[in-house]
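Below are two complexes that have chain A in common, paired first with chain B and then with chain C.
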Partner chain A sequence: MGPYCTDWLGEYGCMALAVARPQTTQQVSAVLAACHRTGVPVVPQGGNTGLVGGGVPVAAGAEVLLSLDRMTGVRSFDEDAGVLTVEAGAVLQRVDEMLRSDHGRCMPVDLGAKGSCTVGGIIATAAGGVHAVRWGSLHSSLVGVEAVLADGTVVDGLSSARKRNVGYHWPHLILGSEGTLGVVTAAALRVPPAPEARVVAMLGFADWDGLRRTVRRALGSRGLAETVSAAEYLDAASVDVAVTWGGQRDPLDERYPYTLLLEAAGASQAYCSERMEEVAQGALAAGEAITGAVSASTAQARQMWGLREGVTEALSKRGRAVKLDVSLPLERMAGPQGAVAAARGRLRDQLDPAWLSPGPRGASTLEEGCVAGGWGCDGTDVGGVLACGYGHVGDGNLHLNVSVPSACAADGRPVGAEGDTLRRPPASSSAAAPPPSLAEAAAAARDASVPFVPEWVAKEAGMRGSVSAEHGVGMSKLGYAGLSRGSGEEALMRRLKAALDPTNTLLPGRVLAARGR
Partner chain B sequence: MRVFVGVKRAVDYAAKVRIQADKKAVDISNVKMAINPFCEIAVEEAVRLKEKKVAEEVVAVSIGPKQAQEVIRQALAMGADRGIHVTTDMRVDQELQPLAVAKIMAALTGEHDPSAWLLGKQAIDDDSNQVAQMLAGLLDWPQATFASEVEVSEDKKSATVTREIDGGLQTIEVPLPAVISADLRLNEPRYATLPNIMKAKKKKIDTVDAASLGVDLAGQIEVLEVSEPATREAGSKVEDVDALLAKLKADGLL
Partner chain C sequence: MGPYCTDWLGEYGCMALAVARPQTTQQVSAVLAACHRTGVPVVPQGGNTGLVGGGVPVAAGAEVLLSLDRMTGVRSFDEDAGVLTVEAGAVLQRVDEMLRSDHGRCMPVDLGAKGSCTVGGIIATAAGGVHAVRWGSLHSSLVGVEAVLADGTVVDGLSSARKRNVGYHWPHLILGSEGTLGVVTAAALRVPPAPEARVVAMLGFADWDGLRRTVRRALGSRGLAETVSAAEYLDAASVDVAVTWGGQRDPLDERYPYTLLLEAAGASQAYCSERMEEVAQGALAAGEAITGAVSASTAQARQMWGLREGVTEALSKRGRAVKLDVSLPLERMAGPQGAVAAARGRLRDQLDPAWLSPGPRGASTLEEGCVAGGWGCDGTDVGGVLACGYGHVGDGNLHLNVSVPSACAADGRPVGAEGDTLRRPPASSSAAAPPPSLAEAAAAARDASVPFVPEWVAKEAGMRGSVSAEHGVGMSKLGYAGLSRGSGEEALMRRLKAALDPTNTLLPGRVLAARGR
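Take a look at the complex of A and B:
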């Protein structure tokens, strides 16, 4: 039962009453009907890669975990409509590989968890991912679902008709509901043709403003135009973590305050290269970027993506991380006026200075003025709590992580061991007090960041931003999701929940806080 | 010390290739091409020799149609000083074979007097692993192949090269001039950065027609057929030993 009952971050979960692993929609219906009848809560689960504690039991021995992992079948593929009908437990990467090799198509959503996450899971969270800037989130691609409601009723809305306006588009209510309105057992998705050609570029920037101007141009009709495929950013700390802990290579070889990754994809290699060269050379000529490189082979393109995709795993290896996923207008994401700077200021205020990573040498602010060679005193990661920012800059989506390094990690032993302590920068080791335990340091980092960062986002961006961008609410954001949600919205959400799951069988207390709190 | 580096434009290693309808060759008409990975490593090593002030000039040489200039430009952007494009319309993955390539390079050597040729150990399209060895033979120069480390002596009269061989590593000393071929672990090539790509546009590429070099370009090997590897047939499971024996007998294997 263990792997089903603990989340990927190791922060949530407890023993389930039982784990059900149905193979058919009828079995899913039977499980839900039985639980509904007897008042037992149900926790649906896909690949268990969620980051908000929404896919694991939280009441010990009281909730049934309903895993869709045995429902992996591909039901059909309609070539003309470009619609794939697939069961909810199918793993995203498997489906993508099958589409590419058998049909020359691909999944419109791509995220770091693709090796484990499922179709049902990405529907439950309305996943965005790195190609949202080209194909939108799943909202753009969902054509229909087959779902089972809380009382076991099966509702079949699978259709490969791309246009079916015959009433309410209820599948799009289920989409993003994190399993609280119904359990998706199969889905019909519009899948795009897999681009034959792609070009990746990395550009280094001294300041946030330059990056913003380049992104604006790149996403415009004179930039990458219809070839736009991805726009991601990493700050110097993120690059450092990915290189030191993820074994990734930094194609630019020197640390810049901000690194932008752009991808162009389409039918013609020559045209994609032409668009990318123009954007990249333009950024240099306009004095926005300091330098950059364009991939000259598939190997180079993969290495560039490796750096960006390697950050999350590298953060896990470094120690623990407080993960914040927010939407912001570009000018408030990074730079002196941005969320990352605000978080760093907060950490300086709240945490023992001996715990903090030193900033780049010679920098006037922790944000800009990075020195080549790395973050620490001699170019290597010297430990200490640090905040790093990276993410889907093309969608205004920032992943802000507060990284708390484990002392055990330094010699390669697994992090999070019993008695594990915070790894501090050497300069502060002479301080009298012994280092805190990792758990204590992580708790302090979390207390400093939450609800500070969500409140900052809500105050500075209002409805131009969101305290949760793509990760959802689950358990972990219950306390502050309301900051980006109007009271009218919340009231409507509660009415919908009451209509579709009046006895609160599905994931009680998640997404919408239980009343009376 | 002048170093000549051979750079071949070959199919991108990750590209999915198909066979031509006439089964005479691989279809490269619409396939993504890139610099041969081992040639890229050779360029990187040559540029590092220049940065260490061991080499004064690095010249990138490629043989092929006009698109061969793309890989020369990439070598220039990585730090090579100038390029030589030997033009030919022969297919460089098949028609123009290693012996002819070595002869072309030998002809260039006579004209330009390099102190070393740095080549990739093999091209990933034909996997021949012959040019470096043949070139050394034609020039009567020492060869140090599968190099994973190269150290040029202070007086630039010899090089100590560590070679990757089946049994492990072998270190040899060769007098210069010599032919060295690069193996995978020699170095990790740098990316051609945009400012360097712009600078490279001003660097010179000389063009020479392969036919004008007085070299016999004809292939020694005729390709009869190119085909995909046979698809592996699915195995079948049997319930017990008796069934296994029956099946082996039925298939005429027992």
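Take a look at the complex of A and C:
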């Protein structure tokens, strides 16, 4: 039962009352009906890669975990319509591979967790990922859903017709409801033709405003236009983490404050290259970018992607991370007025300065110093507590992580187990403060960042931003999701929850805080 | 009050109790709160171009018409995000023009009614139109909504953040609810860069299977791929109507059973042309198409579009039309196994054969004879009752119209007012049957087609099709919308309606039939 009951980040979870692994929709219905009758809460789960603690039990021994991992079948594929009908437990990557090899099509969503996350999970969380800038949110692709309501009622909205205006578009309400309104058992998705060609570019920027102007041009009608398929950014700290802890290679010659990854994809290699060259040359000519490289081979493209996609995993290897996932207007994302700078300022204010002391990687040469010295278990420099920013810049989506090291970069040895004290590196100047324990440092980093960052986002961006972009609310954002709800929204959400799950059987206390909280 | 109270097709409507034309969201709220308190039904209306009788009063003197036509302001435009926030009453075409001239962007939806239909109306009806094959349904573009619920509660979900996973995506439930769950007062939409280049092609086909193969290739990864922006078809009868009653020119040399219009749009004229030439040449080389023309100028492109877009208006000029709008798998749309053939067979069975006798335009040379002789007021041939098929073939969306002539093609003179008898053309062979009145012919055509066609669609295509594709349910499809609802769906819809509008204030009896019906 273990792997089902702890979340990916290792932050939430406890023993379930039972784990149910149905193979059919009827069995899902039976489990729900039984739990509904007996007042037992149910926790639906797909690949358990969610990052907000929404898919694991949180009341010890009291909740039934309902895993969809045995429902992985493809029900049908409609070649003319380009619509795939598949069961909820199917793993994203496997479905994508099948579509590419058998039908010349692909899934419209791609994300780091693709090897484990499921079709039902991405629908439940309205997952975004790196191609949302091309194919939009999953609302763009969702054609139909088969779902089981909290009381066991099966609702069949599994049409493969792209247009079916015969009443309410309820599948789009299930989308993004994180399992609290119904269990998705199967879905029909419009899947795009897999691009034949792909070109990736990486550009280095000295300042955020330059990057922002390049992004705007790249996404415009004279830029990559219809071929754009990704627009991602990493700041220097993120690149550093990916290289040092993730073993990735940096395709650029040196470290820049901001690195932009652009991808063009379409039917013609020549045309994708032509457009990408134009955008890259334009950025250099306008003095926006300092350097740039356009992939000339699949291997180069893969290396560029490796750097970007390696950040999440590298952060996990480095230690603990406070993961924030926010939407912001570009001018408030990074740069002097941005959220990352605000978070760094806050860490500087709140934490023992020694934890953040400048390290040997010379952060001061960058617009935003970010990599700082710290302690290893044997005094090795591990870079201290750092805040890094990366994410889906083309969608206004920033991943802001505050990382507390728990492993040595050199050999992966732990720098300090729970309760251990960390040793100061020899170069460290501040000898006054006692070395912190890892748990202490992690708790301090969390307290400094939350609710500070969400409050900053809500205050500075209002409804132009969001305290949660793509990861959802689950458990971990319950305390502050309301900051980005407009007036009347929470009440409406509660009405919808009451209509579909009046007994609060599905995931009680997730997404919408229990009353009185 | 007149123009607000009759629908576009002239089929529904009666005096309203009052017409309210609020200028602010607060005023919308006040109207709804007052009506809610006093038990008066409310009918929201945008541009009144809906085709299912959903936006006009139907209980004489008893319903308040709430027009959004004074709420037309642009609230904001976010350049980086490409997100427009605009009030519900703004007319689609004006918004599109503003986006193109001021921001190099465009609306992701385009349809024949654009000069009158509103942002709120297209959201309420989940309108499709000619570019859905490129930019998807409006779900793809919808970022946020401000709505007023039936009791006057204002719900502000008007974020311009492209990703905002902080709870239920309720704006996507309002989308397509045809005004029955809430009144849209403003919306935030992701708007794409306006393509710099555009190439249109028209291809003529002898058989449906050829067209279908060309469409499949054109929409695939080696076809138009990322540049496709429209895939429309017209059968010979539709072309004939557009030419004869709409005054359009047919860009092809002669009449073909099926005409396909393809459009590619993107950043480069050369690239769009290259891809379109490849698709067109491929269709000819494979023996799928008999003839084809690729637009070499804007004027030519406009002429091709004129033919396709002229059909709806030409049908109105010709006389009465029974308008059916269905989704079908391509193989069941047209051709020998298709819905249009089935409808024609049915008309042949049900109507006086003289009404359908072959006319002088030589229908028999076509795979599917469709234009037939009839009566004019002075004996002129006006083509009789005909069934024609056209529509958004790239989305599996067929517009099937059964047209009963009421005007002479030559001079537009009426062929028979209500109650008049029509005169048989001199060439007519069957002299036995007495000439029908227009009202008689129209009623017979309707009775022959409905519920026959919806039932055929439901029986032959099941959940691979839909008895309503993009026009919605409103009043006119109440009787058969249920044929394309899956099990459990209607009950779920009623739960949602009860949650959001428990007193049935908004549009009672539309979309969901009154209980006991």
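Simple rule for what comes next: the second predicted complex is superposed on the first by the 465 of 517 C-alpha atoms of A that agree within 3 Å, B and C clash if a C-alpha of one lies under 4 Å from a C-alpha of the other, contacts with A are read in each partner's own complex, and residues count from 1 in each chain.
Going forward, a residue touches a chain if its C-beta (ideal position, glycine included) is under 8 Å from a C-beta of that chain, and two chains touch if they have at least 3 such contacts.
All of these numbers come straight from a predicted model, not from anything done at the bench.
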| item | value |
| --- | --- |
| Which superposed partner A:10 touches (first chain B, second chain C, both, neither) | neither |
| Partner chain(s) touched by A:115 [first = chain B, second = chain C, both, neither] | neither |
| Partner chain in contact with A:466 - chain B first, chain C second, else both or neither | second |
| Superposition-derived comparison: chain B or chain C, residues of chain A touched | C |
| First, second, both or neither for A:293, with chain B first and chain C second | first |
| Partner chain in contact with A:61 - chain B first, chain C second, else both or neither | neither |
| Chain B versus chain C as contact partner of A:496, first or second or both or neither | second |
| Partner chain in contact with A:247 - chain B first, chain C second, else both or neither | neither |
| Footprint overlap on chain A, comparing chain B with chain C | none |
| Complex interface listing, chain A residues touching chain B | 197, 249, 251-253, 269, 280-281, 284, 289, 291-294, 296-300, 302 |
| Touching residues on chain C, where the partner in the complex is chain A | 78-82, 104-105, 125-126, 128, 132, 136-137, 139-142, 144, 146, 149, 153-170, 172-173, 175-177, 181, 190, 193-196, 212, 215-216, 219-227, 265-268, 271, 275, 327-331, 395-397, 461, 463-473, 477, 481-482, 484-493, 495-500, 511-512 |
| Chain B residues within the chain A interface of the complex | 12-15, 32, 34-35, 37, 74, 188, 190-195, 197-198 |
